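Below are two complexes that have chain A in common, paired first with chain B and then with chain C.
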Partner chain A sequence: MPLPPNVSAAQWQEALAAFRAAIGEAWVYTSDEDVGLYRDAYSPVWGEEEERLVSAALAPRTVEEMQAIVRTANRFGIPLFPISTGKNLGYGGSAPNLSGSVIVDLKRMNRVLEVDDRRHFAICEPGVSYFDLYRHIRERNLNVWIDVPDPGWGSVMGNALDHGVGHTWYSYRDHFLSHCGLEVVLPNGGLLRTGMGALPGAGTFGDFRYGFGPYVDGLFAQAGFGIVTKMGIHLMPRPEAFLHRRVLVSRRQDIIPLVDIANALEDAGLIGMPLYESPMFHAQFADPALRAIAHAPDVWNGNAIDRYAAEKGMAPWQLGLSFYGPEPVIEASWQHARAKFEKAIPGVRFEDVETLRFPLDEAGEEAVQHKVLTGIPNMNIFAIGARSQTNPEPADGHLLFSPMIARSGEEVLKAQRIFTEGMRDMGVDYPDAYGPFTAPFTWMPRIFALTTGMPVSRTDPAVNKASRETMRKLIELGARHGYGEYRTPPLFQDQVMGTYSFNGNALRRFCETLKDAVDPKGIIAPGRGGFWPRSMRKEG
Partner chain B sequence: MMSRRSFCRNAAMTAVAANLISGVARASAPAGDPAIAAVLHDERLIQSRAFSDRLAARGIPAFGFRGDPSRLWLDGLAALMRKGAVPFAGLTGQGALFCLERWSWDMGMRVVARIDHAEAGATGWRHCPAAPELCDGLEALATAGPAFGAAAADILLLQGITAGTDLSHAAPPRVADRTGEQLVSWVIAPARRA
Partner chain C sequence: MRHALCAAALAGFIACAATAAGKPADQAAPLGKRLFDYHCASCHGTGIGNPGAAMKPGTDALRVKYGGELPALLSERTDLTPETVAYFVRNGVSVMAPYRKTEIDDAQLAALGTWLSRNNPDLKRR
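So, the complex of A and B:
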């Protein structure tokens, strides 16, 4: 494994000795077989020169140990890359931006410090996974829910700091939005608390996020301004009941009123995450006629899709609606929503998907159809995701491209065409490639992510090369049309940051100015977020 | 050389694990093979159940899950492994192994043996062992057709631990004409140190 950049072998040994003295020999990992575990399992540069490899890994237990690590790193100029549980698959996993970085693995800092089910917040250390927090709440029968991403093994804190997302109400499924207060070890080893944590004696760390003065929490998400060691997060009170209902429309253009009504329902606080899908996406792989329609140049006028929909009784679009609350209230909300759709969309159909009353026992939880909609962490995504029969060969993982587009049906149709024709111009095609049945994701509130996944391979570098090239072209194509990525692996962060180029890349230059002031040596995650300290910046 | 040791986690799951052992184990005869201490199966997969039955018949405790192994691991096996990591085996989908492997890393364990199984369109099931030691029983696998679970268990029972290679991060081989879910027989065991 590589040494940290610009560090001699002798200095490295001296630094390792200091790390061992600070946190204990057992928690300093240097062997290739141990350090190799931090490689990005979904890396699109696996085994190639560009793969970002680490020099060592450290697993501190306390804030004091963390501070000692950072001070040592500062002394020797060693870049650190903190991970919480390292499960950021599809967006870089646990691999750093800079080869030779030392991973700071925070799994041992895994205490749930507080859960308040009257004021509805939790305070956690970085190593607390969604499974851990869920278990903590369930064992104590606390009256709160958590919001979970698809795989439940990730860190509550790490996911929020990566701008990760979940599946319930808008104010909870945007995990950074729902965070409240941070404790941070700064690049000089100092300790900072934000929000009410900055006021000694305040008991409101998990209640009020702003405190007084500038709101600096954003500097610690998708960026390397410090290592977060504690985070508050707002939680949802446990609802009495949950309804999941489905709206099916019969024409391609019906996506326009479908989105408008869902937007109004969600922004009024009546529904949780709208779940858009196209039943034709999977159907096209079973029916060559539909696949041919999808690939026809005139597919964009919608006529062939509408004819197919009429013949087969298959909806081009469907929308899942989640209602949470007292049963009479959410039933009334559903009837209100139903009336809105009936009035606006001729021929609209509805399906009852699921009705649940809480609390559920274990068997009841197991039977829930779409567990993440009800805050139940699980790993089902791995039975349908990267390593399963739904993926093309090779099926070793995926590289995610997630451009954000405006939340309207017109924009979905426009962006679909731009990205589909763009990919076809690039000469790439695989099942998950863009097409007329690509549906928007609504994980982030008030915006759509028109996400696609490109295959990665352990055995075929040509596949990875093609995916990397496609990714770079998609980033460029999206930016030309005003569609920016919200999250991307380290390999592409410089490029994505470069697309946010207003006024001569003023945003990046401002971040660089801050980095130069706060972390001039690049001790904490240099390059994270697509900006670097002066000493590491490339010319031009 | 430093080794990556187990991370300390909630110790409160020990009791849950004990309950799981007594409640879910399908066989607990004391004359089991000492090398593999537990076997996992995905109840949705016939080959997985056959694999598990074969080892359970040797007295190895068997544990089932359906697609997602998280509850089985987090609420039961992890607590046992924290008390003392022991080898365990299974025949599952690739996704389940991907999860179990990464959880096991935090217990100081590694995948030490694997045989990948892919159903290919024209030729039926194809079996790809990850180490030469695992090739001895390939003929039995090939002749078993789709009912290869027991034969895979026999191979891993004999050679799974002694093969002993660190197969961390290994991915399934590419099978261009694959149909259906790609399966894998595996053993996860405490890491060996040079």
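So, the complex of A and C:
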């Protein structure tokens, strides 16, 4: 494994001795076997020169140990790359932006410090996973829910700091939006608390996020301005009931009123996350005729899709609606929503998918169909890439491209065509490649993510090369049309930040100015977010 | 209610907590079983997957891989050895990422391997 840049072998040994003295020998990992576990398991540059490798990994247990690590790193000019649980698969895993960085693995800082089920918040350390927090709440029968991303093994804090997302109400499923208060070890080893944490004795760390003065929390997400060691997060009171209902439409263009009505319902606080899908996506792999329709150049006028839909009774689009609250109230909300769709969309159909009343017993919980919609952490999303009847030779992972597009049906149809034709021009085709059945993801409130995944391999560099090239071209293609990524692996962060180029890349230059002031040596995650301290900038 | 929780290292979490599904832990169960429930069962256990999937993803993957020649559930296998378990935990396979030592340390890995290989007749003869 590489040494940190510009650090001699003798200095490295001296630094390791200082790290061992600070946190204990057992928690300083230096062997290839141990350090190799911090490679990005879904790396699209696996085993190649471009792969970001780390020099060592440190696993502190306390804030004081963390501060000692940062001070030592400062002394020797060693870049650190903090991870909470280091999952983030498809977006870089635990790999740093700069090879030779030392991983600071926060998994051992795993205390749930507080859960308040009257004011509805939790305060957690970085190593607390969604499974851990869920279990803590359930064991104590607390009257709160958590909002979970698809894989439940990730860190509550780490996910929020990567701008990760979930599946319930808008105010909870944007996990950074729902965070409240941070404790941060700064690049000089000092300790900062934001929001009400800055006021000694306030007791409202998890309640009021702003405190007084500038709101600086955003600097610690997708960026290297400090190492966060504690975070508050707002939680949802446990609802009495949950309804999941499905709206099915018969024409491709029906996506336009479908989205308009769902937007109005959600922005009025009547529904949780709208769940858009196209039943034709999976059906195309079973029916060559539908696959041919999807690949025909004139598919975009929608005529062939509408004819197929009429012949087969299959909806081009479906929308899942989630309602949370007292049963009479949410039943009334559903009837209101139903009337809106009936009025606007001729031929619209509805299905009752699920009705749940809480709390559930163990068997009831296991039987919940789409668990993330009810805040139950699980790992079922891995079915997407794992071996299965329809995917007998799976890839070793995926690389995710997540452009954000405006929340309208017209924009979905437009972006679908741009990315589909773009990929076809590139000569690439994957099972999840863009097509007329690609549905928008609504994890992030008030915006759609038109996400796709490209395969990665640990044994076939050609697969990775094709995916990398496709990714770079998709980033460029999206930016030409005003679609930017919300999250991307370190390998692509410089490129993505470069696309946010208003006024001569004013955003990146401002971040560089802050980095030069706060962390001129690049001690904390240099390059994270696509900006670097002066000493590491290309022009420098 | 306000709750301040005791400091709990990972091993402590497993010892005093529950399974990944939030079920009460069986305190009498061997450590390896509790580790399996905590780390592995959410993919390799029983139960349904997301809508349309009759099994959890790891269980379904092994069902397809072995086509009925071996049990789809890891906990029912009779051919596993601690070495095999350790290899897959530390290296991952397909879309399963490896586990680091801050998640499963070497002693815990040995306990997990012992439990998953408990039904291997060849090991019983060793």
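Simple rule for what comes next: the second predicted complex is superposed on the first by the 529 of 540 C-alpha atoms of A that agree within 3 Å, B and C clash if a C-alpha of one lies under 4 Å from a C-alpha of the other, contacts with A are read in each partner's own complex, and residues count from 1 in each chain.
The criterion applied here is as follows: contacts are C-beta pairs under 8 Å (C-beta built on N, C-alpha and C of every residue); 3 or more make two chains touch, one makes a residue touch a chain.
This is a predicted model, so every value here is computed, not measured.
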**Study point:** Fit or clash between chain C and chain B when superposed on chain A
**Key:** clash
Check your understanding: In the superposed arrangement, does A:Ser31 touch chain B (first), chain C (second), both or neither?
Key -> first
Study note, to complete from the structure: Max touched-residue count on chain A (chain B vs chain C) belongs to chain C
Practice item. Considering only the touch criterion stated at the top, classify A:Ala367 as touching first (chain B), second (chain C), both, or neither. Key: second
Review point. After superposition on the shared chain, which partner residues are touched by A:Asp396: those of chain B (first), chain C (second), both, or neither?
Key: both
**Study point:** First, second, both or neither for A:Phe382, with chain B first and chain C second
**Key:** both
Check your understanding: Where does A:Trp153 make contact in the superposed view: on chain B (first), on chain C (second), on both, or on neither?
Key -> both
Review point. Once the shared chain is lined up, is A:Phe131 touching chain B (first), chain C (second), both, or neither of them?
Key: both
Exercise for review: Pick one for A:Arg118: touches chain B only (first), chain C only (second), both, or neither.
Suggested key: second
Check your understanding: Taking the superposition as given, does A:Arg108 touch the first partner, chain B, the second, chain C, both, or neither?
Key -> both
**Study point:** Contacts of A:Gly93 with chain B and chain C, given as first, second, both or neither
**Key:** second
Review point. Do chain B and chain C land on any of the same chain A residues, and which?
Key: 29, 33-34, 37, 41, 57, 59, 87, 107-108, 110, 127, 131-132, 135, 139, 152-153, 366, 377-380, 382-383, 385-389, 394-396
Practice item. Write out the stretch or stretches of chain A touching chain B in their complex. Key: 25-31, 33-34, 36-37, 39, 41, 57, 59, 87, 107-108, 110, 127, 131-132, 135, 139, 152-153, 366, 377-380, 382-389, 393-396, 457-460
**Study point:** In the complex with chain A, residue positions of chain B that touch it
**Key:** 1-5, 7-10, 12, 67-71, 74-75, 93-96, 98-99, 102-103, 105-106, 166, 168-169, 171-176, 178-182, 191
Exercise for review: Enumerate the contact residues on chain C facing chain A in the complex.
Suggested key: 1-10, 13, 17-18, 20-24, 38, 42-43, 47-51, 53, 56-58, 60-62, 64-65, 90, 92, 94-103
Exercise for review: In the complex, go through chain A and note every residue touching chain C.
Suggested key: 29, 33-34, 37-38, 41-42, 57, 59, 61, 85-87, 89, 93, 105, 107-108, 110-118, 127, 131-132, 134-136, 138-140, 142, 152-153, 362, 365-367, 369-371, 376-383, 385-389, 392, 394-398
